[in-house]
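Below are two complexes that have chain A in common, paired first with chain B and then with chain C.
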Partner chain A sequence: MMKKISLLSILLVLVLSLFACSNNGEKTNESGGTSNTDTIVIGVASDWKTLDPARAYEVFGNLYFYATYENLYTLEGSELIPKPALAKEYTVDESGLVYTFKLEEGRKFSSGNAVTAEDVVFSFNRTINLKDNASALAKGVVKVEALDDKTVVVNLKEKDASFLSKLTSNAFAVVDSKVVKEQGGSDAEDASTTDAATTHLDGTSAGSGPYVLKKWTPNTEMVLEKNPYYTGTVNASKIIIKEIPDPNTQIQALEKGEIDVALSVGPDQVKNIKEGGNSKVVSSPTSTLSFLLMNNSTEIGKEMSDPLVQQAVRYALDYKGFQQLAGDGALLPMSFVQDGFVGAKSRSDNYQNLEKAKELMKKAGYEKGFTVPLTAANYDSEGLSWVTIAEKVKEDLAKININVEIQTGDIGVVIEDYRNGKTPFLVMHWSPDYYDLSNQLAFIPGDIVGKRANWEPSANAKLVSLSEQAKVEIDDTKRAEISGKMQEIIAENSPYAFLVQHPKSFAVGVNLEGVTYNDLYKLRLNELKLSK
Partner chain B sequence: MRKFSSFISQKGFLFKLGLFICAFWIIVVIFAPLIATHSTTAQELSIRYQQPSFSHFFGTDELGRDVFSRVMYGSRISLSAGIITVIIAFSFGIFFGGIAGYKGGKVDEVMMRFSELIMAFPPLILAMVIAAALGPSIINSVIAMAIIWWPNYARLMRSLVISLKESEYVTASRVMGASHIRVLFLEILPNSFGPLLVMATLDLGNAILMFSGLSFLGLGTQPPTPEWGSMVSDGAKVIQNWWVSTFPGLAIFSISIGANFVGDGLRDFLDPKLQKE
Partner chain C sequence: MLRFIARRLLFLLFLLFGVALFVFILSHLVPSDPVAANLSQSALNNPEIVAAFKEKWGLDQSLFSQLLLYFQHLLTGDLGTSIRTGRPVFDDLMQFFPATLELSIVAMVIALVLGILFGTISAIFRNKAIDHIIRTVSISGVSIPSFWFALIMLNIFSSVLGITPGPGRIDTRTTTPEGGTGLLLLDSFISGNFQLFSDVAMHLILPGTVLGFFTMGLIARQTRSNLLEVLSMDYVRTARSKGLKESAIIVKHAISNAMIPVITVAGIGFCNLLGGMVLVENIFAWPGIGQYAYLSAVSLDFPAICGVSLLIAFIYVVINLLIDILYGVIDPRVRYE
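Right after this comes the complex of A and B.
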C-alpha cells in the first residue's frame, strides 16, 4: 500500500510540475505583449545597487545612466573615443591642467529646467564629496567652476591623458541641481554625511537623457518613459527592463516573444539560436580580458615565480582554444592592452610553441615538471566559466609536465586573496573602469595588479618609466608608440599570461533595429527600434 | 526465519527493480575502465556539445569530453562517497547511541542533547557550512555529511539499547559476569542490527543525493573529476544541450531510488510485525 501511495505521489508531482509550466507560459503571454512597437522589453541580469549617478559603480550602471542622464562627453557606437554631448567643445591650456568646456544651447532636464554650468559644477562636486564608489574616477579633479551660464572650467591635479574618457562615465553625469537640492542633495564638502537625495534618485531620474525613470523595483523590473524635453531621437516611448537571472530563461522568453532583447546570455546559449527564427545573435567585442596571474614572490608563487617558467606557460597555452571557448568574435591581444585601445597589438597566430616551452622548463631546472594549485572562482566572464578556463589550462600545461590542481572557490574569497597578493596561480579577468590606456597601467609593476602579483617596480624600471609617460602624453601617435613598447615587454616578461579578449554575445528579436553594443553602456535605449 | 531467496521471489516488483539497479551500478563501479569508451578528461574542442551518437553515447560537454565515460567513472566517486559517509555515520552513531542508551541517566541526557543540537540545523545547510569551511574536496564533503548524519543512528541505537537492555538474555549474561562492553557490543548490538541496516540502506541513496548536491554547489569534488552533481551543474548553464546534465541526473536519480527500494524491501523482510500480515 505504502509503495502505491509513493508511486502515486511521484506521478502527481510530475503532472503538477508540467501543469505549472504550461500555466506559467500562458500567464506571461497575456501580460508580456511586445506587439506594441512603442514598448521595448529587455531581459537582463543586472548588478544595480543604486541609481544615483554620483554613487553607482556597477557593470550595468551606464545602461541606465545613458538612458536617463547626459555627460559633457560621451561614447557612441562601438567606439571608445569620447565625443561631445552636453559640451559643444573643450579647450585645454598649455599646462594641460585646465579644461574649459562650452555647453550646448537649449538642452533641458526632464523637469523642464535648462542645463546650465551651475548644474555641471554641482554634479561634479557632489560626486567628489560623496566619497562613494564613483568618486574614484573624479580623484584627479581639484576645482570646478562656472565662468558663465554655459562655460565650465575644470582644474586637474596632474596631467591626465584619460580625463575625457573618465568624463563619459556616470560619475560625471549631469544632474538637475535644483531638483536634487530640493530633495536634500548636497555638493558641499560634508556631502558624504549630509546628502539625502539618493533615495529620491533611486525612484526617479533627474537628468537630461532621452528617458525618465518611472519605476524601479530592485531585482525585478525597471520602467522608463520618454523624456518630453529631450530633443534628440527617441524611437520607443517606453522601455521595460526585466530582471531574468537565468540565461536559459532569457532565451526562452525571447523566443516566445515576451522580451525583445536577451542581454545577459553567453556564447553557449546563443549557439542554439537558429537562423530564420524569431531571434538573431549579436556579437561584439568587449574590453574584458581573461588572464592568468603567476605570483612573482618566490615564497608564494614557488616555481611559478621563475620568469623562465612564466614564459614557458605563455608558450604552452593553446590561445586558439581559448578563443574558441570564448565564442565568436573573441580576440587575442598581444598582452595587457585590449583591441580598441590606443596602440593595441594582437598576438601572432603561431605564438603557441611547445618545443620552446619545454626548453625553457629544462633551463629552469623543471624538466620533470612540478605540481601547482590553480585557483579559479565559481564565476564567469561574458558567459565563459573560469573553472572551464582552468580545466583547459590544466590540459595545456600537462604537455610541459606541469601538473595543475584546480581549486575552486567563492568569488568573494578568491578576490580577497587576489587583492592581498596571496594566490600563487590564478584565473582572473580585468574589466576596465574607463576606456583608456591609463586604466590598463594597473598591470605595470608596483601598480594595482602588479602589486597583487608581487611584481616590484624595481623588477622592470623601463616599464615603470614608460607608464609614467603614457599617463600624461596627450599626443595620440606618441602615446600609441609607448603603448606598443609596453605591450611587447609584458608579452615576454611579466607574471601574467593574457588569454583572450572576450566578445559579448547576446540575442535580440529579428525585428529590432539600432542594436550597437558598447562595453561602457551596453545599449543606447533610445536608438532601439521595433520595425513592423 | 524465511529464506532470503524465497523472500525475493515473494516481494514486489519495486524491490526487484531496486536490487537490479544496485547490482547494475556495482558492476559499473567495478568494470568502469572496460565500459568507458573514452578518457574522462581528454579535451577535444572541435567536438564541443555534440549530440548523443554512436561514437559518443551520451554526447560531449563544453570541452568536448565524452559524457558517457564521465558518467560511468562518476559512479566510483558517488558510490564510494555515499558508502563511506554511511559507514562513518553508522559506526560513530551506534557507538555514541549505544553508550548513551546503556548508561542512561545524566550521561544519556547530555549526549542526546548534543546530538539534538546537530539535528536542529537544516541538514543540507549545515553540510554546506562545514564543507565550505573545510574547503571543497571529496574527503571534506564526506566528513561534513558524516557529521550531520550520525545523530540519526545514535538515536535509533539508543532506543534499541534501552528496549533490549532489560531483556532476559541481557540480564542472564550480566549475571554470568559479562562486562558492560561485552554485553553492549556482543549481546545487544547483534540483536539490533536489522533496523540499523535498513536505515543504512535507505540512507545510502540520500547520502549520494546530498553529495551530488554539494558538488552541484561547487563544494564537493574539484574539476575535472567526473562527478555527477558537478556535471549536472555544468550542464544546467546550457539547458538546450540537454544531454550534458540529463544523463548524470538520471544516474543520481536511479541509484538513490534503487537504494531506497532495496531499503524498503529489507525493512519488510526484517520486521517481524510486517511479516505476519
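Right after this comes the complex of A and C.
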C-alpha cells in the first residue's frame, strides 16, 4: 500500500516538474519585461476592505477610486491643491455656506448614462446617510440639491475652508445613481440599514473614471479595463493589480519583469535596486508625519509632562538623522503642518542644540536625568519601522541624560492606549484624512490628538483661537499667516516633537512612463505607459 | 469501525463548540477595540458613525447577547459576516481555503516522498557519509525558520537562477480563472487547459518545497529511527538468515512496519503546515487562509477569526481520524473497539 502511495507521489512530482520545466522562460522576454505594452501590472500590499466609495477610507483607496470614479474637484500631479474635474467652476455666496457647482458637459459613466446633477446629489446623500467611514468627511454638509441637470448646490452647516479639499476624496466620488439604485443602493436617511449596493460596487464600478472594475478578489488581484465612455487620456487598456504582501518579494518580481510597479516597498528595499537593471527608484514626499507624543498629564506623563522637558527633548533630537533614516525625499517641517499645506514652514538647519537642551533639563530639575518608557508599536511609516525611530530617539536623548526604555507592542493595543490618552511617551504618525490645514488642527489643545496628549484648551487659548480662524478663513494669504503663527507656537510649546515628513519610495520598471506620485491617489493609472 | 468513526464525529461537534466558545471569549479579551481598528480617525470622532458601526456589528449589545447570537447563527451553519471584508465568513473561507489546501497537499507530497526516501537511505547507510548529510538536511528542515528559508529560496531559484517563477499562484500578467473547485491544478487539468496547468504547477513547486521542508525533516528523522529499530528485530534477523536479499527485507518487511509512527508524524506535520502558512503565504503572495487569518486578526474581525479557528480545528480532527483509520489499513493488528 505504502509502496503504491510513494510511487504515485513520485509520479505526481515528476509530472509537475515536467510541466513546470516546459513553462520556464515562456512568459517574459529577454529584458524581463512583457511584450504586451497594453497591460500594466502593479504589485501592492493594499489595505482595501471595500470598493464602495461612500464607505471606504483606506490608504490605498483612492488608487482605485481615481481610476474608476470622478469627483467634482480633484488633485493633479503631486500637488495637493484642488482642481476642477466633473465641475467646471464653482461660486460661494457671501455667507461662505452655499457652494454652487456647474458641471462639465458631455461626461458619461461607464454604463453610458450621462453624469447629471442628480447623480451628484444621490452620491453625496448616500455617503452622508450610510454613516460609514467616508461619512466623516461629509459631516458639515447639511443639504445638497440639483437646480437643473448641470447645477448642484451644496449647503454647509458652518464655514469650512477645507471643503474643496474634502471634495477630492472618495467620500465625494460621483456614482451612477441609476445603476446603484438598481443594485439596491439608497441615499435615504435610513441608508445605513437599507442600502444594499456595496456588494455590487465591490465587484463592478459605477463611475465615470478612465477605467472600469472587471474583477476584484480581495487579497489576490484586481483587474481594470478601459472605460469606453471616458474621453480623456488612457494609455494602458488593462491594469492588473496583484496583492504581494512582502516588500522584498515585490522587488524580486519587479526585477524579474513580472510586475511593472512595486508600490508597497520602503527605503530598506529600494536600496537593493541596482543601477542599470530592469528597475528604477521613485521617491516623492508624502503627508505622513512622524512625531513623539509627550503626555501633558502629570499623572501619566510624569517628567515628560513638564514643558521644560518637552522643549529639551525637541532641542536634543537629531532631525537630520531622522531625515536620513526616512530616506531620499524626506522633509523636516517646523512642526505640525506638512510641506505642501498652506503656510507650511521648514525646520531651521541648526535647530538641534544640546547645550540648550541640557540647560532646560537643569532648569526643570532633571540635570541628572531620569528613566522613561517610550512606546513604539510594531508598525512602520512608509517602510520606516517605529522601533527604529524609537532606537534613534533613545540614542539622542541619552545625551541629555534621559534614559529611554523602549516598549514595543501590537499596533491595535498601542493605538487603543494612545486614543485613550494613556501613553506617557510614544512614537506615532499622522496621516491626513484630507489634504488641508484643517486636518492638522487635530494637534491643537482639546482637539483629537490634543486630547490624546491630555493637552487641554485652557493650556493655550491663543492657539485655540487661531485654530478657529484657520477653519473658516478662505483667503489663502491670511490663512497662511495664521498657519505660520500656529506652527511657531507648537514648535516651542507643545507636548509634541515632530520628527520627519516621510517620503514614499517605490520602484518601477525602467520602461514605465507617466509615473507621478500623489499622496492621495498614489498613481494616476491612466497616465502610466509602457514604452515599447 | 463505523461506531468508532461515529464516536469521533460526535466528539468533533463538541470540540468545535469548545473552540468557538474559547476563541470568542479570547478574542473579546484582547485589550483592543474593533471600533478603533475599523474606523478612521475622523469617523471615530463622529458619535453617529460609531453608533451605526456598533449597531451594524452587534457591538452595542452585551457580550453574553453577542455570544448567544453568534451560537444561534452557528447552529444554522451561518459563520457570520466578516467585519473587514463585509462578506459572509463562509464565502471568504471557501475563497481562500482552496489555495491553502492545494499548497498543503503539494507540500505534503514533497515531504512524504523525500522524507521517507531520505529516512530509508539514512537508515540503510547508517553512520556513513550519506547518512550524516541527510541527517544534517533533516535537522535543517526542522530548525530553519520558514519565512527566512522562503526568502532565500525565492531569491536563489526565482531571482538569481530564474528556474522558478516569482510570487502568486499563476503568472502575474494573467488573471486567476473563476469557478471550479478553486484548486487550480485540478481545475486546469479537468478543463484541459494545460498551459495554465503548467503555470500553476511551476508556481507550486517553490512554496511547496519550502513549506514541506519542515515536515520532510520530521518524517526523515522518524523513518530513520523506526527503520533502524525494525531492522534490529528478530524477524528481520530470521529473514536475513533465510538468505533473503537486503532490498527485499527492507521493502517487504521493514518499511511497512516502520510506517505507523511515521504516519502519526506526517499527520501532525500536515497540521503544522497550516500553522506555518501565514509567513510562507505572505512571502509567496499566496492568497490563502494564512493571510486571511492574519489580516482578520489585525482588524479584530471576530467572526472571521472564529471562522478560521473552526476550520483549522475541523481539519485537525479529520486528519487525526484519517490517521487512526490508516493505522488499521497498514497494521491489521490495530482494532477500533
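Keep this in mind: the second predicted complex is superposed on the first by the 498 of 532 C-alpha atoms of A that agree within 3 Å, B and C clash if a C-alpha of one lies under 4 Å from a C-alpha of the other, contacts with A are read in each partner's own complex, and residues count from 1 in each chain.
Quick note on the criterion: a residue touches a chain if its C-beta (ideal position, glycine included) is under 8 Å from a C-beta of that chain, and two chains touch if they have at least 3 such contacts.
Owing to the predicted nature of the structure, the values given are computational and were not obtained by experimental measurement.
**Q** Please indicate which partner A:371 is in contact with in the superposed arrangement: first for chain B, second for chain C, both, or neither.
**A** After superposition on chain A, A:371 lies in contact with neither partner.
**Q** Look at A:411 in the shared chain and tell me whether it touches chain B only, chain C only, both, or neither; answer first, second, both or neither.
**A** In the superposition, A:411 touches chain C alone.
**Q** After the superposition on A, what does A:385 contact: first (chain B), second (chain C), both or neither?
**A** Touch partner of A:385: chain B, not chain C.
**Q** Could you let me know whether more residues of chain A are touched by chain B or by chain C?
**A** On the superposition, C touches more of the residues of chain A.
**Q** Looking at the overlay, what does A:194 touch: chain B (first), chain C (second), both, or neither?
**A** In the superposition, A:194 contacts neither chain B nor chain C.
**Q** Of the two partner chains, chain B (first) and chain C (second), which one does A:465 touch, if any: first, second, both, or neither?
**A** In the superposed model, A:465 contacts neither chain B nor chain C.
**Q** Output check: A:403 vs chain B and chain C. Expected answer is one of first, second, both, neither. What do you get?
**A** neither
**Q** With the two complexes superposed on chain A, say which partner A:248 touches: chain B (first), chain C (second), both, or neither.
**A** After superposing on A, A:248 lies in contact with both chain B and chain C.
**Q** Take the contacts of chain A with chain B and those with chain C, and give the residues found in both.
**A** Common to the two interfaces on chain A: residues 2-3, 248, 410.
**Q** Along chain B, where are the residues that touch chain A in the complex?
**A** Touching chain A: residues 12, 14, 41, 43, 45, 48-49, 62-63, 132, 135-136, 218, 222-224, 237-241, 264 of chain B.
**Q** Would you tell me which residues of chain A are touching chain C in their complex?
**A** Spelled out, the residues of chain A in touch with chain C are 1-3, 5-6, 9-10, 12-13, 15-17, 19-20, 22-25, 27, 34, 36, 39, 41, 43, 49-50, 57, 131-133, 135-137, 139, 192, 198-199, 202, 215, 217-221, 223, 240, 242-246, 248-249, 252-253, 255-256, 258-259, 410-413, 415-416, 419, 433, 442, 448.
**Q** Which residues of chain A touch chain B in the complex?
**A** 2-3, 247-248, 251, 266, 268-269, 271-272, 321, 324-325, 378, 385, 387-388, 390-392, 394-395, 405-410
**Q** Within the complex, which stretch of chain C touches chain A?
**A** Touch residues, chain C against chain A: 30-33, 36-46, 48-49, 52-53, 56, 84-87, 92, 95-96, 106, 109-110, 112-113, 116-117, 151, 154-155, 158-159, 162-168, 171-173, 175-176, 178, 194-195, 197-199, 201-202, 204-205, 251, 255-256, 259, 282-285, 287, 291-292, 295, 298-300, 329-330.
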